[in-house]
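Input: one structure, supplied below.
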């Protein structure tokens, strides 16, 4: 009897971890399109997650149908991505990194301060979730397969794209943009396209995250979220969509592992949190230095010298 | 009407004049060689014609259109394609992918077509692959089609670049030292092939070629006309025999030494 | 090395925290404590060069790879600080001295000290770049690295010095900042955007441009608090940055 009880308690936990990992996998696929395939450094990916989540929830709260709210969130995330690309993508490569990291912070301050719109640090409750009234019992048992389905569709659509002539142009930009330019490709336009599409994917992941969280506040969108995506991408292998998904699942397996380890270590929860991010930083350095192709990437396809 | 006319182009870098009122004209279907000592401004001229650098002043007219100051991709779309002195093979793509990148306005270069018109994309891709294989076959690179271009030798990369430029079906080619590092037998074959491209019976299909080359004998053999650059200016021009006999040219090459 | 170093702000925080450790915890007088902190920060920067940047130079890694490593280093340092000294705001326990009244404005002695040190640092940087051999080598390197190599400059040594001096200045900045407000693990993070905005506004590679840019951004941020909530200081830096990128991406003094 007791053993059965434990199993029943573990299952929702495992489902929850898999659900979060799937949402982050989608979020990371957006970054992989930007960094892995195009070579764009976006350090503010979390901004688009936040834009997607807040737009969906706030619009739905004010009476807009759920599906339209999600579409609006995705569109707004894409629009912001494109707007950030315009002043930066024709200039030095590191300007995008600087501008995106700043943008993400400003979005977070905006969410914290504009209480008339976002209710500030109090956060907002999600008023409705897809098919909620039709699902008996634990909603996550429905949401997980739903998100998994979205992940698979995103993966398939992206794979189709990166293996197409469009993806070939992105890869050529990643290596040396003089070449596509000398062959008549509008490099700037392709970079914007990659940034917009990557941001839209992050925006969609934001809507899904809101459905899971049921209640969102600015603390859900701290800068570190961006670097969870970075770890997923570089660990799995930059420019490899399967690798990115694998990376996201490994990351969340690691997080749930450390949650169990917490009881055995003499550190406070704050220290454990710091250790976890410290480890993320270290891992990022070590992968870029010693295994830049990640777990599934091919060394021959990786550009390190740009 | 000339295919390309460059008029009084000037360009300085930090006070140093790389081009100092450079003018030249290239007739349709001609193969024109550019020679000159190091630092004469040959590569700068190429960079400016191909839009990788903006001229300080002067005009550049290609095929009747003013292209001075246009972006490099816009110039390429008009059919003026360049290669690079140090070959820029995309080493992380395969040899075949390098060639498939080149054709203009592919269906599959648009996101919506990739998702919604996969058949058209596939059909066009198959045509391009056929064309690419024919080029690779001619250059003796076909067996390497699935290798990463990073694995090619320097000479093979040069060939790949010329082939890639030809995949575009250009009206005019700018070749920056196409024979450097290519083995002599193959170089001769390319030379013949370039002439053949130019001489294609249908007059509209003949390519105009402008080429920088240090290998004098080959350049003399290839070109109909030669411009000699020194210190950012054209100091002499004419048929290969004339240029060879020109004292100012000899002086430019030997005088300074 | 010519890449955006995202760990710069965290070296700044590190300098401030080391000063805190020596002065407030170990009881060393504030000035020597600061000096020790600056030296240790510079030393850590040189260690990072040996451990990370030099091997990456040898692999001729591109700026994008270096940027990503630098943000990894930033996360590492910041959370090391949180792990060791906690996430809360800290202050140097210095005796409060009376301010000087200038009309309606009161300037504290700390503020005067900060301004003096800042001015001295600017002159030192100027002297270093214009008069010393190592400074001239730095300028040569930033102009044209290949030419510098060819003329027999020991590139690795010059870069090590650049790191040491750059991060020492960051540490001084952090200590001074801590003196007029407080220190916290995120102080470097919040200064990162204004710093980049200052450098780009001034013109990348121009130390004098960076000084001018720093003053402009700092003033704009402080003046903005008259009409905007203080939380939007970052947004002011961001806005200036975007405008600069649109109008004059080379910066005021950039070539």
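Note that the chains take the letters A, B and C in the order they are written out, and that residue 1 is the start of every chain.
One rule holds for everything that comes next: contacts are C-beta pairs under 8 Å (C-beta built on N, C-alpha and C of every residue); 3 or more make two chains touch, one makes a residue touch a chain.
Being a predicted model, the structure only gives us computed values, none of them experimental.
For the pair subunit B and subunit C, chains touching both partners: A. If you tally contacting C-beta pairs for each pair of chains, A-C comes out on top.
Using mean Cα coordinates as chain centres, the one most removed from subunit A is B.
A comparison of C-alpha centroids places A closest to the centre of the full protein. Distance between subunit B and subunit C, defined via averaged C-alpha coordinates, is recorded as 47 Å. Separating the centre of subunit A from that of subunit B, both taken as means of CA atoms, is a distance of 43 Å.
Separation between the centroids of subunit A and subunit C, computed from CA atoms only, is 30 Å. Under the contact definition stated at the top, the residues of subunit A that touch 2 or more other chains are 303. Chain contact summary for the complex, subunit A toward subunit C: residues 39, 41, 43, 87-88, 91-95, 97-99, 101-103, 105-106, 109, 112-113, 223-224, 227, 230, 234, 270-271, 273-275, 277-278, 280-285, 288-289, 292, 303-306.
Partner subunit A is touched in their complex by these residues of subunit C: 3-4, 6, 52, 55-56, 59-65, 67-69, 71-80, 82-83, 86-87, 189, 192-193, 196, 200, 204, 229, 231-232, 234-235, 237-238, 241-242, 245-246, 249.
Residues 157, 160-161, 164-166, 168-169, 171-172, 174-176, 178-187, 193, 197, 300-303 of subunit A are the ones touching subunit B in the complex. Interface of subunit B with subunit A (complex): residues 50, 52, 71-74, 76-77, 81-84, 88, 90-93, 97, 100-102, 104, 106-111, 114-115, 118, 121, 125, 148, 150, 164-165, 168.
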